[in-house]
């Protein structure tokens, strides 16, 4: 198996950028923004796993695992907030949440 | 692993365990006693840390009680304790009930204590994210104000993106260098280009935490939306911990040549934009938010020099900044007991009707403006001194000029406090806990302004 | 000698300070007696000093201030020039003090009045006796200050106060020149002692001496009301008449002449400076005389005549005849004081009516005043054998002897002026005392006031004795001043001198005759004419060649207007406003930057991501 | 063989993600994403991380995506007309950012010292676990605290008053 | 008392302690006033000590010319020391400060009715700051006092002022703050240059004196110092904070601003900027000349147009301080002693004028010139003093201002006749506005029927003391000049 690390990194960056693009583009829907964040974090995991394989040590994979856990914590809290705010304001469009500005 | 190792790790254990205990025992006790217990927990953790000799070898896998930790942990603990003291009355009036609040603060404190102890990137990252995580919850805590929830969600969304950036940065550093440990491994043995890219991403992520321009936009909203004591905690410890993270990373020969320009831009933009945007801001919390953007710009200025003096300045300034902002937000929280005082104009005449709190607020403003003989001046002096010493003359002058302009909006608060009259009823009397906290912060500000030498010694010790 | 000099200064100073500080608490008579006693005491000291005078001498009383090589002692210098002036000042001022006691009987604010009079005497004596120039400057400014307050003594009337201000500021312009001269001389010579400076003129090139001389001249122009700084003196008549007599006729206004005479050894070596002084004097003499021709206010006539007479003195100095100038100065002090005091009597008698065309017949009702006044007018006109005749003539002789086109044309001008002088003097006399349509309001005070005139009249008439022409016998002053530079007698044969005197006498008599024809005989017709609108020429002269209007248009109005512009437009409009605008601009840009925080998290994320992308892009660019 | 598979799987991942982020319905996006994550899990496996691959499938594709679906259903956001969609203008910054990030990282990854794969070594589960519980014990504690407080926060927000 | 008794520290911090004491008596306004007066009098009395030892050549271990000296470690990390020293110049300034503060306490005796304890506490705290500025010999310490004295002033103007008090207070503060921050940069730069040259990192003035600064950099550093001091001065065109601040401040505030705060700028220039950067200062002298000369005439000219008496006096300060700047620019012994004399004299006369305007204001609640007119007859004592101080201000010989102006002019003429010639114009222009003020306030007809009371005993006492000092300094300035002589000699020969 001879995939250069750079190819893994490029794939990761494509994924990362797609996730970022998703977050930026889907301003109308928090859920889709969260999905974008998931994609970005997956790209990070890919980088770690790639690095781990490249150097032959387990640390990267560990990091990836922790990111997974972190993501689930984050997502659950975020979704709780979404539900809470949907109850209060009846919208999931982040642009509606602009009572503070300036 | 010896008993001494355990001793040195006790702050982390105390705060982490404390958070769990509060969570468990909270329902059984009165809110007030829970709060006091939390104060005691954070206080004892701080005292413990202050009196434990630092160890340079890791005590547990992944953590070491470094001199830096010995400096920062008491600072965080103190600020958590003061925040808790400020929160007593504030939360009672706001109906922020339950043990979640103190428990989350302790959780945040736990993560803060963990952060300077970390010896590898993973622990560092997790500590950083845990801090942010605690604040996502804390900011949202005020269920009566929809702004609080909005701010929480905004903070979370931004924070998650920033976390992704930071993580990607760490991943790149790891992929480039092949190690996760912080000891000597970040040295440029691997692929320098990839490592520097990773550094770039990390700095982008930290820029968010430090609210540097252009990643600053969440700051005013979150400060405004968050409960005032949380804003105090957020604006102080969270920033200082992010700066500490940078310090820890920078200690390991970073590719400063590549990073100078980005840091330069971040610092410049933050100083200028923060101070300018605050000029005409009429909402005091947003004003303080912009001010903290500017102050983080100053910090970055010191960081960017890459010198020992600069790093010492960052630490000193972190401590001083903590005292100043705690005093400011503490006074705001304390004055907002009966009604939210958002606008600067709401503070008219309070210098006379509420002398202690008004005085502390005024003192905090003067300190933030960097006027001697307050600690704020010493901090600014050290920052600009290190910047000039580090060769950043232009940026230092820009920073100083913008700092001069900043005096305007700080004075605006002072002016309202003392030089405008208001017919509003005097605010409710100050609870003893808050008076205590406010006096602590003010003493710190004034004492350090006149006798900064002891703190400087401590800072230098922490740099070892 | 030191005692005399110290007391000479201390008496009036102490009197003035006492009156100023405690005067309002003291009874009126006490103040009056105190003030007069102070001046007379001073005079006695002066007389004693004169009696024991042997040779010029410098008396140092103490140090005033010193800084490194700049040493300013309080030192006095007694030489014939200062001594003669000091004696004159003591005497004339003493008389006028006595006069003023009666003149001001009805005025309430006696303390202030006498305090100022006394302080004035102190300042004048300081001016005269000072050995170091800064001390002279102290007196110089002190007399100006007293003059300012005394002109505006009746301060509730705006015109009086304005006249005082005008005098103060106009003379200040001249004073500035004096300070410049001081600073310059200190730079050049390293000392400000008059005696030392006077011996150092040769050290410097002529052009510098000329420049210093001209600076002194400008100083003198201010104080002595010479063209073009003469505009303040006519207005200064707003003050009480004793003040006019004392300050604006006898003493202060001659300070300029004194200064130039004092510094003559230094500046006399520059022909250009001397010529300038002479021309200034000549022009002023002519100007004053012409203006006096058309005045209707009795005191203004006298004021213009003062300007004119001081012009003569300047001519004398300019011709290098310091003795002649001083001679005229002394005699003029007597007769002009006499005239003013006489005018004061007239005005009192007329219930403060000052228009000469509304007077008349006072010859009969106020005979004593008339005779004294006549003596004064004769002196002023230079009728032969009066004191004025001799003193004026000595100046004319000096001019003639100086030779050269310039001086000879000045001589001609001076003769013409003498003619005009004689004419307006007697125009005044005829209008005031002639005719029979007089009124009389005799006051008790008037009797005493008239008595004061007598000694002055005698001194004026026989003042010539002070310095008789050489063909009669060597003059006292000439002998006395012989040691002074520029004090040497003018060379000339007796015949020449006699001829010149004859010319002068003829001119004076011609003027008298003309005045008689026009105002003695044709008096009633003139009174009718006076009711009509004045002709252009008369108006021109009446208004002092419209110099006031000129200055108003050229200096004062632009100054006032510009001060407003500077304040409103420059200071507040540009400097301050640009700061405010800068601040406003900063604030505005700040708010504009603050609008970036739209409250929309999408914008926040885009900004953040753009920052990240930029960072990555920059690092990639570095890696390329 | 594995190399080819890597590229094929990469293509699947990218395509799946692309479909996910442009999907008109959130539910569809989730489904596409699950597909993409399966492919990613396989890549992990190929890169010698079987445990991570397994967790990817279990936690991501399994738990997290289901949580998303659950919330979408709960808030009745499933139907397309209820979901506001990005306007075309909203995509521009996204595309620009995408290009910038991808371009930069490509340049960085490919520049100067192209990383030579030193022959991938699979890391055994044993090795992995040992590292996890010895070297990174503290991290486990920290992440567990974090998960706990995620719960606390979610419960707090869910409180009815 | 032993010779090493810290008299200087006492001089600096006694007022601060006094302000705490004042706070402690906050219950009784009367008591507060008396305590404040007592403290300020004790401070004035304490000045007798340095006066007594002023003939001592030098304190052991002190730099030349300093007859009192205190030195202690403060922040050793930066080589910052707590160094206080007193030479003749400092002594004169300290005396002036102590004296003027007594006056300031007395003039606000009745005028301040609200928040009395705070007012007097701030007044005394301010005095502490000013004394600190005049005594510190460590640049860091100096800077600390320099900034610290701004805060009490900010409050004095902002709380007890009139008109646009807040605007003026903030403007005053920001203006001076900006300038001083740039000075801080210069101080740090110099510190680093000196440290890297000698290895001795110190903020001590005398330690840094001999740093070799390349002219290119020196000019910038000096410019930063100059900017800071010129704003305080204030030199044209940096003066616009001054009319506002003076006009809107309470009487005591105006007195202290004019008499003391402005002097700190000049003092800083003499004590720090010139000795530290002799070459740069020399190179920049034309700038100072132009600003000074222009300021003299400009201030006088603009003062003429003013309608508000306080504003008029404020602009007159611009003009008078121009003479000080001129004397400093000339930097010759005579001119410099003239500048210092002028500082003292301006402090006394302008302080007195502000006090008098305040007294009039207390009586009629108006500072407009137009309100007054012909008041001489009604309030002769007040008018007497008013006239006296106006004349002193106009430079009448025999009163104090003349000495300073004369020395400056004569001293400057020696060095730069052109600059001095420009300044002579000021003599006339000064008189023009002064006489206008006298004229329209004291003389002429009454514009409005005013109920005026003449001076109370307290007011008369204050003015009498000021007046006596004006006369004393005008007639016998010798002792002061003698005090100044030695330090000036040292300063001007150092090059």
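Observations, loosely collected:
In order of appearance the chains are A, B, C, D and E, and numbering begins at 1 in each one.
The rule is simple: a residue touches a chain if its C-beta (ideal position, glycine included) is under 8 Å from a C-beta of that chain, and two chains touch if they have at least 3 such contacts.
This one's a predicted model, so the numbers in the text were calculated from it and none came from an experiment.
Under the contact definition, subunit A and subunit E share the contacting chains B, C.
Look at the CA centroids: the one farthest from the centroid of subunit B belongs to C. Per-chain CA centroids place subunit C at a distance of 102 Å from subunit D. Annotation: 70 Å between the Cα-based centres of subunit D and subunit E.
Subunit B and subunit D have Cα centroids lying 31 Å from one another.
Work out the mean CA point of subunit C and of subunit E, and you get 37 Å between them. Multi-chain contact residues of subunit C, defined as those touching 2 or more other chains: 591, 594, 597, 599, 601-602, 605-606, 609-610, 612, 616, 619-620, 623.
Shared interface positions of subunit A, i.e. residues touching 2 or more other chains, are given as 5, 9, 12, 16, 19-20, 23-24, 27, 33-34, 50, 52, 54, 57, 59, 62, 66, 70, 73-74, 77, 81-82, 84, 94, 97, 99-102. Multi-chain contact residues of subunit E (touching two or more other chains) are absent. Contact between chains, using the touch rule, shows up for A-B, A-C, A-D, B-C, B-D, B-E, C-D, C-E. Per the touch definition, subunit E reaches subunit C in the complex via residues 237, 240, 243, 298, 301-302, 304-306, 333-334, 337-338, 374, 376-377, 380, 384, 387, 391, 396-398, 402-403, 406-407, 409-414, 417, 420-421, 424-425, 427-428, 431-432, 435-436, 439, 442-445, 475-478, 481, 485, 488-489. Partner subunit D is touched in their complex by these residues of subunit A: 1-22, 24-29, 31-32, 34-36, 38-39, 42, 45-46, 49-50, 52-54, 56-59, 61-62, 64-66, 68-77, 79-84, 86, 92-93. Residue ranges on subunit B touching subunit D, taken from their complex, read 16, 19-20, 23, 60-63, 98, 100, 103-104, 107, 110-111, 114, 120, 122-123, 126-127, 129-130, 133-134, 136-137, 140-141, 143, 149, 175, 191, 193-194, 197. Contacts from subunit E toward subunit B in the complex involve residues 74-78, 115, 140, 143-144, 147-148, 150-151, 154-155, 158-159, 165-166, 169-170, 173-174, 177-178, 181-182, 184-185, 188-189, 192.
Looking at the complex, you find that subunit B touches subunit A at residues 120-122, 125-126, 129, 133, 136-137, 140, 146-147, 149-154, 156-157, 160-161, 163-164, 167-168, 170-172, 174-176, 178-180, 194, 220-221, 224-225, 281, 283, 286.
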